[in-house]
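The two complexes that follow have chain A in common; it is paired with chain B in the first and with chain C in the second.
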Partner chain A sequence: MIRKSDKPIKITEVCLRDGSHVVAHQYTEEQIRRVVKELDDAGIHYIEVSHGDGLGGSTLQYGRSRVNEMNLIEAAVDECKQAKIAVLLIPGIGTCRELTQVHSLGAGLVRVATHVTEADVSAQHISSARELGMETLGFLMMAHMAPVKTLVEQAKLMESYGAQAVYVTDSAGALLPHQVRERIAALRDSLNIEVGFHGHNNLSVAVANTIAAIEEGATRIDGSVRCLGAGAGNTQTEVLLAVLDRMGLNAGIDLYKMMDIAENTVGPLVPKPQEINKGSLVLGYAGVYSSFLLHAERAGKRFGLDPRDIIIELGKRKVVGGQEDMILDVASELAQARILEV
Partner chain B sequence: MIRKSDKPIKITEVCLRDGSHVVAHQYTEEQIRRVVKELDDAGIHYIEVSHGDGLGGSTLQYGRSRVNEMNLIEAAVDECKQAKIAVLLIPGIGTCRELTQVHSLGAGLVRVATHVTEADVSAQHISSARELGMETLGFLMMAHMAPVKTLVEQAKLMESYGAQAVYVTDSAGALLPHQVRERIAALRDSLNIEVGFHGHNNLSVAVANTIAAIEEGATRIDGSVRCLGAGAGNTQTEVLLAVLDRMGLNAGIDLYKMMDIAENTVGPLVPKPQEINKGSLVLGYAGVYSSFLLHAERAGKRFGLDPRDIIIELGKRKVVGGQEDMILDVASELAQARILEV
Partner chain C sequence: MAKIKAAIIGSGNIGTDLMYKLVRSGLIELSAMIGIDPESDGLKRAAERGCQVFSNGIQALIENPDLAEIVFDATSAKAHIRNAKVLKDLGKIAIDLTPAAVGPFVSPAVDAHAHIGELNVNLITCGGQATIPIVHAINRVADVAYAEIVATISSRSAGPGTRANIDEFTITTKRGMEEAGGADEGKAIIILNPAEPPILMRDTIYCEVRNMDQEAILRSIGEMVETVKEYVPGYRLKQKPLFDENRVTVFIEVEGAGDYFPIYAGNLDIMTASATRVAEEFARSLLDQKAKSVR
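Moving on, here comes the complex of A and B:
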């Protein structure tokens, strides 16, 4: 049964935020201006601009941005005729101080993001954003890690804080279409606000997942031109738009212009194309966030282990961003177990 | 309703045949030997080796192979311990003479391929292959171009000639998951033989389409390591296997070994990664085979047209491989219409 919403689909382009990981947060103001101007002209509804890990992410731990994100956001706002500039805020990385600042610079929408079981840390940020008059959405990250019942409870918390939509965020690209369907349907049944979907392509089903989400009534949809994003990248915006068009669900965005942006403007910015390689595939398969990969490869070398075994074990233990120090523990245990086997 | 077959899923790896397009048919014997040996060791069931356009495809029109395909097939057979070497035969390009020859070299399976409405040209080749004792499957190419009823009639013809399975072949990467589902279900309802699916990733749904096909009971499944194939490439084998594993549908193939082949052996052979770019996207969107792209780009320049408009018009006129000369007619008509508009 198709339960598509009657509300129009609103696309948020994330190549300048999630895609910032791909260029190690080295976007220049000139690049941001050009991409935003062209996306705005093509009719994209929202364009997210922040460090890959959201406001305040420019640190030693998450990687320094080349340009202060406030300058980038100001430039992005300056280029928009119709689109709203969106920002990502992960409480603990970004704060209400940055929120007030981006609001004053003209950012119109914030997505407040927490781990799927930690919605309670978003209360203050969501209510502050609403007080500022910003469009305020909740982002439940690593949505594959919680049972559907928990996801619904957490989404209801965000709704109670004032969120105007809640996203199922498949941060590790670990969800399959039937799992997306189940999650979106459950949120639609339980919430009075809009539901969104943010996908990653580690299992090559980001577009299919997004279509499944739309068929179940999601109306806030993320895409990334040329697939630019963490892991294997996100739902490829221009491809999604072509598929929507073929399904008779035109989102009012110019498909030719989006293809041209992908080919001529965003494509050339990327050091290497977004492929599904060994690393991104094992992350999606295991359901582990991409920040763990490099450390697992190092630990694999140190302990003489296949890093994939470490990643898969980390997935079983349901690690979340910030627990990267568990990698050495897991590697050491696996190595110990190997010795005992022999 | 899931109508998965009880029969085991058999994977045919096509990176050495469909993927031959990506390297302009320049595979060396050494490359073929190494890839086949590793695929065989990983447990892949069938490995297809031929020119990208099938036996006899090494011509000026389709592109010359670097090495005679008979030498490549012989080498491939030589490397197999458990896998069968498969070949593609498009009647009109290849003949029964080549079939007899590859059979004598040890190829065990042939896929006889025709346009979706031209199964009747496969009668002689299918019966000859059966007489030789080869496993013989039918391949209905550009399956998106015929109504389901026609597809079923054509598949029944192939069954009547002796085909032991018929494939829905999405040559242009134009089908969406619900369309694959409908087609596989119709064939399952009407045939007494196995049903297969061969996908392309132009709309980024090759893996999702393949899963949909398996859920409807397809058991003969094509994949291509690292996505190597015409257009945007095929269903990425190692990703498909990871997804099947996650769904509890392990095909008995070693996932780690397949990932390693993709990363270390096949990846380095490719001049540039398989992305969904402007060209491959418009082909999938319009449902036009990839051989039309370059000619449409040239015609676009000559007539001052956007090549995408030409491709989309060609899609509406349902052109098929061999009708590339229609490109100039279409371009000329579009250019004329533009002049009249002004």
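Moving on, here comes the complex of A and C:
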């Protein structure tokens, strides 16, 4: 495989963070310990542990965690021999207080996430994380919603605050391989720091997108065992590793062990296998934040609506990540409009 | 009718919008607008309206202590900490629109009178002004154990100050929900939405209550919305509150008055309108005292 970067690929496993959406944030400490221990043994570089919506995300808006994420993070750190524990922080939801706390528990890396046009709200958190001595990366979410030029400007802001890499985050699973290529290439040309990619599989192109990103020089790559993540899930780590291996790239992670973790440990954790159903397909198609899926399905049931209609309407209103409250609002409005029609 | 003289420190967006609200007040006479940049749009507009203008900051009040009895501070948290000390020494009533939180939190719909006699009160945050009245309305009839608010504002209405220190917003709003709203525990979330045309400010308030009584809650919320409307006419329920078990969810939309900011910036409008309302309570009390001492 020909890559436009000679830096090694670093994989961040997100099944315990993005995957937390799939289990409605009900992970137990025992589950976290077992998965982290096995991932660490397989050679994964970073393992992200937080509420699905990042630190401080345990709320009525996003769903409450069964176990306090601080306990889960502490347990995860305890199980690691070589991997670093990563956390997600979305300014506006979490604060520097939680960041200081997770740092003291031993988390070594933070991804500070903002909507793709709002990078300037991350300055405070990126610089605080650097001061704490944490590895600090920027995460530009819903990357499909802004033109490439804007994405580059926003990434440069994060670089100026001290971010050591910036991710193109395809939160809606809406980007196609050529669009990923264009975005990664533009960031590589304009930044002096590493570039990363976080994909969602709503249009079944997560692995293809991730390969395109790696070829263009992305070196910080997210994967999720068994795809566990919002919407149709993320780039499936064990599949990605197999594909990379076939392309001649060895990421230093044991493929057989990863397959075993997927089959025996992570697979049994989820209520049903992660697949592209009509709801997740519509997320990618309409460009809507993947975490909205379960909320839209619940609202659909409550108001007697097709969740697709709710998702499409949210897309029309240009709703951004974190606006889960709009789902109930829009669903209730649609239901009322329907009553009026009848 | 006699009015109480007031000055604004800070001729930025908030200070300028506040000016438009104060010139309409029946109880307050805006005597001076104080900034630090003589070329600022705010000072120019104030001069056009016949206000005295100064560009030497708090020094203007030190040199002219008779300019005002009430002083609005629309600078920054850092500047207010310094200004607060000066204003206290001068014996002025400080209405603080920064997140400095030197004085007690005040929401005019909840307890505008409670702090009469204080020399410094704080207006919390825009999200706090939009949501704390609802938390209070639910708490007074149903006892709120936990309250959570989500404030979504248009990206265009979030100034550089808010953006550089978004933690101040979430932490101060949470405290306000507990101290002024009456929730045992609060949590605040803020989201910036860049959609064009800009969206109106919207707030979702979730409360978990100890004594669920749907009718009493609906009535209390309805009354509260009317109270807030008295000073923020564009404040409204977006739809009927939703109830699940011990939980109430309330959707609010805030359309601004369109003074200095466009109407989408309901978040900024509710801050300046609340500050005006609080100051009017202080002015009324000062006028009463003066009337008594004349007698």
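The definition used in the following text is that the second predicted complex is superposed on the first by the 291 of 342 C-alpha atoms of A that agree within 3 Å, B and C clash if a C-alpha of one lies under 4 Å from a C-alpha of the other, contacts with A are read in each partner's own complex, and residues count from 1 in each chain.
Here is the rule we go by: contacts are C-beta pairs under 8 Å (C-beta built on N, C-alpha and C of every residue); 3 or more make two chains touch, one makes a residue touch a chain.
Just so you know, these numbers come straight off a predicted model, no measurement behind them.
In the superposition on chain A, A:Gly63 makes contact with neither chain B nor chain C.
Judged by the touch definition given at the top, the superposed model places A:Leu203 against chain B, while chain C stays out of reach.
Judged by the touch definition given at the top, the superposed model places A:Asp325 against chain C, while chain B stays out of reach. Looking at the shared chain after the overlay, A:Val243 reaches chain B, while chain C stays out of its contact range. With both structures placed on the common chain, the touch criterion links A:Gly43 to neither chain B nor chain C. Contacts of A:Gly108 after superposition on the shared chain: neither chain B nor chain C is touched.
Of the two partner chains, chain C is the only one that A:Thr95 touches; chain B does not reach it. By the touch criterion defined above, A:Lys272 reaches chain B but does not reach chain C. Touched residues of chain A were counted for both chain B and chain C, and B has more of them.
Interface of chain A with chain C (complex): residues 56, 59-61, 91-93, 95-97, 115, 117-118, 120-121, 123-125, 317-320, 322-323, 325-326, 328-329, 332-333, 336. Interface of chain C with chain A (complex): residues 148, 150, 152, 155, 160, 163-167, 169-171, 187, 189-195, 204, 206, 208, 238-239, 242, 247, 249, 251. Contacts from chain B toward chain A in the complex involve residues 176-177, 201, 203-208, 211, 226-227, 236, 238-240, 242-243, 245-247, 255-256, 259-260, 262-263, 267, 272-278, 281-282, 284-285, 306, 308.
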